[in-house]
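Letters are used for the chains, namely A, B, C, D and E, taken in the order the chains are written, and counting of residues starts over at 1 for each.
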Amino acid sequence: MDLSPILISAKTAAVSIVFTFFLGTGAAFCVYRMRHERWKILWDGLLTLPLVLPPTVAGFFLLYIFGVRRPVGAFFLEYFGVKIAFSWGATVLAAVAISFPLMYRSARGAFEQVDRNLMDAGRTLGMSEWQIFHRVLMPGAVQGLLSGGILAFARGLGEFGATAMIAGNIEGRTRTLPLAVYSDVAAGNMESAGRYVLILVLISFIVVTGMGYATYVFQRFTRRESR
Amino acid sequence: MDLSPILISAKTAAVSIVFTFFLGTGAAFCVYRMRHERWKILWDGLLTLPLVLPPTVAGFFLLYIFGVRRPVGAFFLEYFGVKIAFSWGATVLAAVAISFPLMYRSARGAFEQVDRNLMDAGRTLGMSEWQIFHRVLMPGAVQGLLSGGILAFARGLGEFGATAMIAGNIEGRTRTLPLAVYSDVAAGNMESAGRYVLILVLISFIVVTGMGYATYVFQRFTRRESR
Amino acid sequence: MLRADISKKLKNFDLDLRFEAEGGCLGILGPSGCGKSMTLKAVAGLVRPDRGQIRRDDRVLFDSGRGIDLPPQKRKVGYLFQHYALFPNMTVAQNIEAGLLRSRQDRSARRERVEKLIRRFRLEGLENQYPTHISGGQQQRTALARIFASDAKCILLDEPFSAMGSYLREEMQMELARMIREFEGCMVLVSHDRDEIYRLCGRTMIMEKGRDVICDQTQVLFDQPRKLAAARLTGCKNISRVQKAGDFQVYADDWNVMLRTGTKVSDTVTHVGIRAHDILPAARGEDVPNRIRVLPAEKVSSPFEWTLIFQNRDHPGAGIWMKSDRSQHQIPDEVTVDPSKILLLEE
Amino acid sequence: MLRADISKKLKNFDLDLRFEAEGGCLGILGPSGCGKSMTLKAVAGLVRPDRGQIRRDDRVLFDSGRGIDLPPQKRKVGYLFQHYALFPNMTVAQNIEAGLLRSRQDRSARRERVEKLIRRFRLEGLENQYPTHISGGQQQRTALARIFASDAKCILLDEPFSAMGSYLREEMQMELARMIREFEGCMVLVSHDRDEIYRLCGRTMIMEKGRDVICDQTQVLFDQPRKLAAARLTGCKNISRVQKAGDFQVYADDWNVMLRTGTKVSDTVTHVGIRAHDILPAARGEDVPNRIRVLPAEKVSSPFEWTLIFQNRDHPGAGIWMKSDRSQHQIPDEVTVDPSKILLLEE
Amino acid sequence: VGLAGCSSSGGDSADRTEQENAAKDGASQESGEETEILVAAAASLEYAYEEELIPMFEEQNPGVAVKGTYDSSGKLQTQIEEGLEADVFMSAATQQMDALTEEGFIDGDSVKDLLENQIVLITSADNELGLAEFTDITKADTIAIGDPASVPAGQYAREVLTNLRIWDEVLAKSSLGTNVTEVLNWVAEGSAQAGIVYATDAATTDKVRVIAQAPVGSLAEPAIYPAGLVASSAHQEEARAFLDFLQSDEAMAVFAEYGFTSHADA
């Protein structure tokens, strides 16, 4: 069995979740800070949209944006000398694009349930908005963020359609586990496919239950005493 | 422009969200009711797993379960006279299978944050467990459930990989909007694809913001006064 | 009649107590986090004790030995939650009706019953309001009406007034007192507020860290707390560790004074307590026992009461609280305590 | 010095009030939901009034006319939240340090300052505890220490004791009284508990439905409430609508009695109030004014007080509350009120 | 009716089917009902079918409606095995058809090798690598080919390159597409510098340029598109009519328009 897809997938999932986490959280924060409920609802709608695009189609769009001949892709190539399409980076790009809405929505919910009085308290104490963000809001939302992170991680780990489109399927470079599974399944190599699926499922299972356990422990530590 | 994909997708999304909603909510409720934290975490992990499978691969698995010659498929055919694979029902099956984990996790979170005292109050008042479920727990979780429903709806509407596998891509029967978009994009009919994408995005946008607005109105109505 | 003898392992300590409530109202007084709510929840069947027995009248609700554990639905034990736990998605009338769902009455019979309860608990006009839109007192009445609807034979009240300001509290207590008189079953009221317990309960149990420290008639308990925890919880402001110095004499370590006592000091006495109201100003030269010279004090006044805190002038130590009527306006140089007012306490 | 004159549209009513606080502590007394917290939040810069002006000392914090609206960070106004709003993810020491982040001191200077405050607020030993693991009183001290750390020139206290039982409350009030004396800036204390206001505030403003009803020295306000809302909020239990029957005489509709008054009844008087402590038993045959024959009463006792509620025997009406010392044990047949104790009130 | 009988001219058979239909399904036709047949065809056939062939057939055969489902041949094979109720199957390679015939899903006698397709080397329209012949493919840094495991075009590409003895070298820098569309887009967008697809695929877009056809003899057998009847079809008559129609001259003319060559011609 070829081990490279496992490594690539692990790397991709690990790196992409970092981006997804920060982008999703950042977007959620921006919307959270908006004054008018109407704008919030509108942005909520917009930022959930990528979810509705079939990944393969989303992959096309990415290709039309980041392809070497397209403005953004050309820009990257010219000024940074990075070719995005067909590089390992593209697997990350695809995973981030596809899992973003999940992270965004979870983070929005998590922020919304933080006690606004805590933030107001920070303000009257003279804490800057940034200090309030990272010392009050983030710690208060941490559980929801973790749970969103798990969803996004799992989705990113299993991402296939967009990845194939923008990153290609180059063995040892961009062939992630889902691509390898697909290839085997399509060819009828069910045994090999089964092994890959097992690994995919195992990684995800370990991460998901691991995080679940961590959250549980964390909860026990800081939860308000039940009255 | 062929309108049938719009109708099919609308029907599929509408029906599948009903199934997803009840299955996801039901599963979440079962896990919520478990006594031991360890089992909960384990089931959380298991029920999140489908998310990690590339939809196309999930589609293969579904086909190997619901194909007419496979046990489950054969059973349905024999006892109910329904053929599942490659019928319109299969588009629903695919959408439900793929969007299930999103609904499940949202519902879990929603249940978890309902005040357990309310349920205990119901018990001491002699309400049956079923009455407690539908008169106390469900209304208390309704916001989280709606938000999860939105996520699941959007994901189901955009489902492509598993649908193509188990339902096929039969015009007027199983060709949903995502499949139509894919076909057009693949053929380079960007204009027609664009129109379909627009409709896809529009439906989802209307539903997502509509639900967002409904939730907002609902919140204003029952929210505890801010202290 | 309610009789419980339970033990259960908790996070920080073990719950391990027995008590009995018969008619009237039993008060449970204890500091925050001592396990009061846990105890009530065990009786109601919401948490399961590790060992023990709970009986209501002649029904066994729980018996670990015989493997009996009735579900809360069958215990006919009403529980007034600390913050009422009204269903926020139901109106006042619907909340009350929720208590009737057990009895398989038809709609019209139920509705009639609800109307009766609404009148009885003076909730007329609020039938269609949601709990968040009514005042704390109205919420409490709704929660009580709901319990009465459920035909409970025994009612447990968990700090029923903790969520209201003193503005409402007094009225609510009066109302509850009336209800207690009218109710035939037994009641248990949990609180960390001594006034509440004093006003409403015939008997009182003092709890500390999951254990029943002492249980007696409320009046007796407030007059003669006997236990350190009981003295503290019944509002005795001045407490000091003591050393026995004679049959009727102790030395109070915290205030550095020798005190004469009214009753004989047994060997088990470790502390004494003096209520703030029992510290009286001593007229200069007058011959009174337990005279203490005091330092200039902190002073606080409430509408009908004065509070002073001073220290022993000769040997400064812990503060001594004195409360008196508003009519007196002089800060005394010396104070005195009648030996009979000195409470002898065991740890 | 703090001076505010603000108005803001709220959901159910409009906030529209002006007040001034100078040294000492200004109390704001009002029923639940009347806009007390809103008012404080406007001063702190957490909500924005629609119109008006707020000044602290010689700084303009807000002026709708001139378009000035300082952010809360720059107002140097400390706010003690209703439930303290301690950061649950920070220890006591970290919470206090959060108040120091504005001043760009280095770590060691900050730490030193924190240690000082911990000593000053008697939080030694709790530095590394999380807020959920300390008692209500300790939480309050931590919240106050945090405000003092932030170098606030004016402190707003929003129902600082609402979260504790009476067991803790008294101690905490004492402590706060000391703090108020030591603090040089001005303070505003919001409460729906008259005792609290009475004990801690030199001046008091009464609020009702977003408006300032009356503002005066606390002592004066409690003695002569003058306004119906003020009487009710300062704890006057007996209030009745009246009709003027003479220069020194009114007819109380709710109790069906004629009452003589100590002061001249002006035409604007609509109600009278009588404090429960001012209702005294009338000895048989004795010639006293305002004598009322009463029906057998409800009786409730608290450790050092008795409460009786009776009705006019001749013309039963609303209940009349009487409170008295524990020492008296007889339920009277007739009661009396000194005409000078009858409070004349305007609506 | 034997298979041999069907090899007569398309027009004839179409007429005859029409008559048969009219006779057999008269009742259902009156009530406005149509017989519906499902054609499962390789994705590369979709445009020829949807835009021209199906409308043409339906016009000639009132009362018969044709639905198409298009995907990669391998996927369609799986789907037919799992119960896809197609009536006609047209694959982009003989492998899938042979497998299905062997398993009894396809009526072996009905299978006709209809079309041939060319395997071509493409680059994007503006590529300046200066490739001239098929073996120049090794000059490209990144190459796009179909996954030989599941995509017929990929299987042919592997055969050609193996015969040219450059398969390993090419594979090392190849991205294996899960379907032809992917391969085409990779090249068109410049993600890959060169790629191997069918001539018909290359013809669908002007963003790629055909460099060369696979050298003669590099394929043991040409890339053949066989079509056949699904054995379990409930509409044997109509399906057979469609199959016959596909062999008609006018159908062949349409296929030619889309870049295919008739197998008989080759």
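Heads up, the rule we're going with is that a contact is a pair of C-beta atoms (placed from the backbone, for glycine too) under 8 Å apart; a residue touches a chain by one contact, two chains touch by 3 or more.
What you see is a predicted model, and the numbers here were worked out from it, not measured in a lab.
Touching chain B and chain E together: A. Using the mean of the Cα atoms as each chain's centre, the chain most removed from chain D is E. Farthest from chain C, judged by the mean position of CA atoms in each chain, is E. Between chain C and chain E, the centres computed from C-alpha atoms are 86 Å apart. Once the centre of each chain is set as its mean CA position, chain B and chain D turn out to be 53 Å apart. Put simply, the C-alpha centre of chain A and that of chain E have 39 angstrom between them.
Among the residues of chain B, those in touch with two or more other chains are 60, 185, 225. Multi-chain contact residues, meaning those touching two or more other chains, occur in chain D at positions 82-83. Multi-chain contact residues, meaning those touching two or more other chains, occur in chain E at positions 75, 78.
On the chain B side of its complex with chain C, the touching residues are 115, 117-118, 120-128, 131, 135-136, 139-140, 222-225. Residue ranges of chain E in contact with chain B, taken from their complex: 38, 40, 43, 46-47, 50, 67-71, 75, 78-79, 81-85, 179, 181, 204-205. Chain contact summary for the complex, chain A toward chain B: residues 37, 40-42, 44-46, 48-49, 51-57, 60, 101-102, 105, 109, 113, 116, 144, 147, 150-151, 154-155, 157-161, 178, 181-182, 185, 193, 197, 200-201, 203-205, 208-209, 212-213, 216. Across the complex, chain A meets chain E through its residues 60, 63-64, 67-70, 85-86, 164-166, 168-171, 174-175, 179, 182-184, 186-189. Residues 31-32, 135-136, 159, 162, 165-167, 170, 173-174, 177-178, 191-196, 198-199, 222, 233-235, 277, 298, 300-304, 307, 309 of chain D are the ones that touch chain C when the two sit in their complex.
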